[in-house]
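Got a structure for you, written out below as structure tokens; questions coming shortly.
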Amino acid sequence: MKFSLVIQASPFSHQSTATAFRFAQTLLDEGHELFRVFFYAEATLIANNQICSPQGEADLPQQWQTLAEEHQLDLVVCIAAAVKRGVIDDNEAKRYEKASGNLRETFELSGLGQLAEAIAVSDRVITFGA
Amino acid sequence: MTLHILNKSPSADALIKRMLCAIEDGDAIIMIEDGVLGALDAHQGLFSSIPDNVALFALEADLEARGITSRISEQVSIADDKQFVVLCSDMDKTVSWY
Amino acid sequence: MSEKKSVLIINQKSPYGDAAARESLDIALTCSIFEMPVTLLFCGDAIFQLLKDQQPGKIQQKKIEAMLSALPMYDITEIYVEHDSLIQNGLTDEDLCLPVTLIDQSSISQLINLHDTVLTF
Amino acid sequence: MTLHILNKSPSADALIKRMLCAIEDGDAIIMIEDGVLGALDAHQGLFSSIPDNVALFALEADLEARGITSRISEQVSIADDKQFVVLCSDMDKTVSWY
Amino acid sequence: MSEKKSVLIINQKSPYGDAAARESLDIALTCSIFEMPVTLLFCGDAIFQLLKDQQPGKIQQKKIEAMLSALPMYDITEIYVEHDSLIQNGLTDEDLCLPVTLIDQSSISQLINLHDTVLTF
Amino acid sequence: MKFSLVIQASPFSHQSTATAFRFAQTLLDEGHELFRVFFYAEATLIANNQICSPQGEADLPQQWQTLAEEHQLDLVVCIAAAVKRGVIDDNEAKRYEKASGNLRETFELSGLGQLAEAIAVSDRVITFGA
């Protein structure tokens, strides 16, 4: 079955991103397809590559990146939500005259159309919010 | 048939009341994250209105994290991460309540 | 995109105190641009998103009311409001900035049934 | 004497109940942000238990933003930003409820 | 720092679902290191921070219970729990990982009175 | 009178940082002293200098910076909370081997001791949370 996930809450103050991660891992283990993970609103903060996760704690951005590399996942970060939160790729850095981008590898900035597409083509869209 | 995913504790009264209103025969509910606090035996009354054929689950990892696995109501079944995925695929759609 | 999935968006958050109102609206407009039928439901504190006479100038925000007023231009006309929430706050549908359909809380399940995908804010 | 600063709407039942329990003679309450929804005439009952000498305020900017200035209860006085600061300095301490 | 202000920290959030529990604890420990008398009050869902037998391994978090158990070593021993919240959740003080003082909701105002500064989480 | 403010909620999803800003402005106008503003938890996100505020909307980070410059305010960002959220100064960037820091001017990373001190010396400590 084809799943997409929408994650909305901050990875730093809510469990949503962690719960969604376990859910993604499990559905892939079960042989389902994960069409897209769409990071929206506060959840876009996870794609900042300057995050320094405390030692001995789960490094969620790295965990998502590793899972995405293993399974060629499409991790889409809502561009409007991300840019206003200070998560930008090199293109946006140029456009807004910032010194450099800080988007983590394997995450991609794109528009809400990617969410609409995910809804259109997926059998199930599961929202993780807070 | 809908899977209702609840991640707020019983202190979110109005939310839970709304969710319960939205339940239909054959639906299922899974409590996750802080939502699992509603699985406590002490909150059994919360779900007294749901039809017999509405299954009620709580996510194992969240019950264990909070140390309440042994305190949950008989009404509630424990679901592991795999069963959570199975529930999502078995039901036609999901609604997240938060 | 081959299918036109219908989308129900359930709003429960008040405007301004929480950013959810605008985030929800952006998704509604996008789905509509992609020709997916969109229905909006406003429950609980979210009914205040629709209230007339909002003046958020002093708190430096944009009028949610004004943005919602644009919905009919995007062909989003299926707008439902939980009647119970209006009553609890001493409001009627005449206090709202858009024509809406009032429903009882007990009818939310029917709206969920009628749609392919449900998003909540 | 304490200034209680409330920024959640009446849907946060348990929070408001706790705040009301913590009110003493001579305290004051100011509703800010989403808290001002509690100033609506329709919610007058919410504050019926507070002593006569507990003043009840709502922040002007937040009332205006939400379009409810004309709908508030007689019990509630409107405070502008300056009065909010004055209240904080006049009272011995503040407690934020959220 | 010339004065030793006393600090009351009111906790109302459950552990794990919300990061507030840890943020609050960090402040309590710091104030204590700076020799300010610190009192903790746990209300509503926050009582679950104190519950025994937490096993957050599967959700990849650290045990709040274990961190709270360190409080006596930091000379933080004034720990109050809203009795009403325990009862509502079918719990007693024997289910908690620390010795606490049970108080009624109506006594919160006295705690506020006794302290110079109140922080909430 | 000597005030300090503690801000805890995300500037992107809650009003707290904006309300606290108006409060700070007003108390300074009224002739009070603002000893320190302490950004904690999600509120530390405001100090990311890669934030690109949407056109026509309030630019809160810039507003805080301008107010701080006008009144020599002490804007302290909790270092532990900031670093795990990807808001780092050049020192932290070196320590964690990141390409560069992204801390906005006039904001300073420091420890919780700065909050303890603010509590100790201020007449009023006002918390803005969500």
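We call the chains A, B, C, D, E and F, going by the order they appear; numbering starts again at 1 in every chain.
In this text, a contact is a pair of C-beta atoms (placed from the backbone, for glycine too) under 8 Å apart; a residue touches a chain by one contact, two chains touch by 3 or more.
Treat the numbers as computed from the prediction; the structure is a model and nothing was measured.
Same-residue interface: chain A and chain F share over half of the residue numbers found at their contact. If each chain is reduced to the centroid of its CA atoms, chain D and chain F end up 26 Å from each other. With centres set at the average Cα position, the gap from chain B to chain F is 39 Å. If each chain is reduced to the centroid of its CA atoms, chain B and chain E end up 28 Å from each other. Residue positions of chain F with contacts to 2 or more other chains are 12-15, 19, 22, 41, 80, 125, 127, 129-130. With touch defined as above, residues shared between interfaces to two or more other chains in chain C number as follows: 16-20, 44, 58-59, 61, 117, 120. The residues of chain D that reach two or more other chains are 7, 11, 14, 33-34, 61-62, 93-94, 96, 98, listed in rising order.
Listed by label, the pairs of touching chains are A-B, A-C, A-E, A-F, B-C, B-D, B-E, C-D, C-F, D-E, D-F, E-F.
Those residues of chain D lying in contact with chain F across their complex are 5, 7, 32-34, 61-62, 81-82, 84-86, 88-89, 93-94, 96, 98.
Residues of chain A that touch chain C in their complex: 6, 8, 40-41, 80-81, 111-113, 115-117, 119-121, 125, 127, 129. The residues of chain E lying in touch with chain D in their complex are 10, 12, 43-44, 82, 105-106, 108-109, 112-113, 115-118, 120. Residues 1-5, 7, 19-20, 23, 26-27, 30-31, 33-34, 36, 117, 119-121 of chain C are the ones that touch chain A when the two sit in their complex.
Looking at the complex, you find that chain E touches chain B at residues 14-18, 44-45, 48, 51-59, 61, 65, 88-91.
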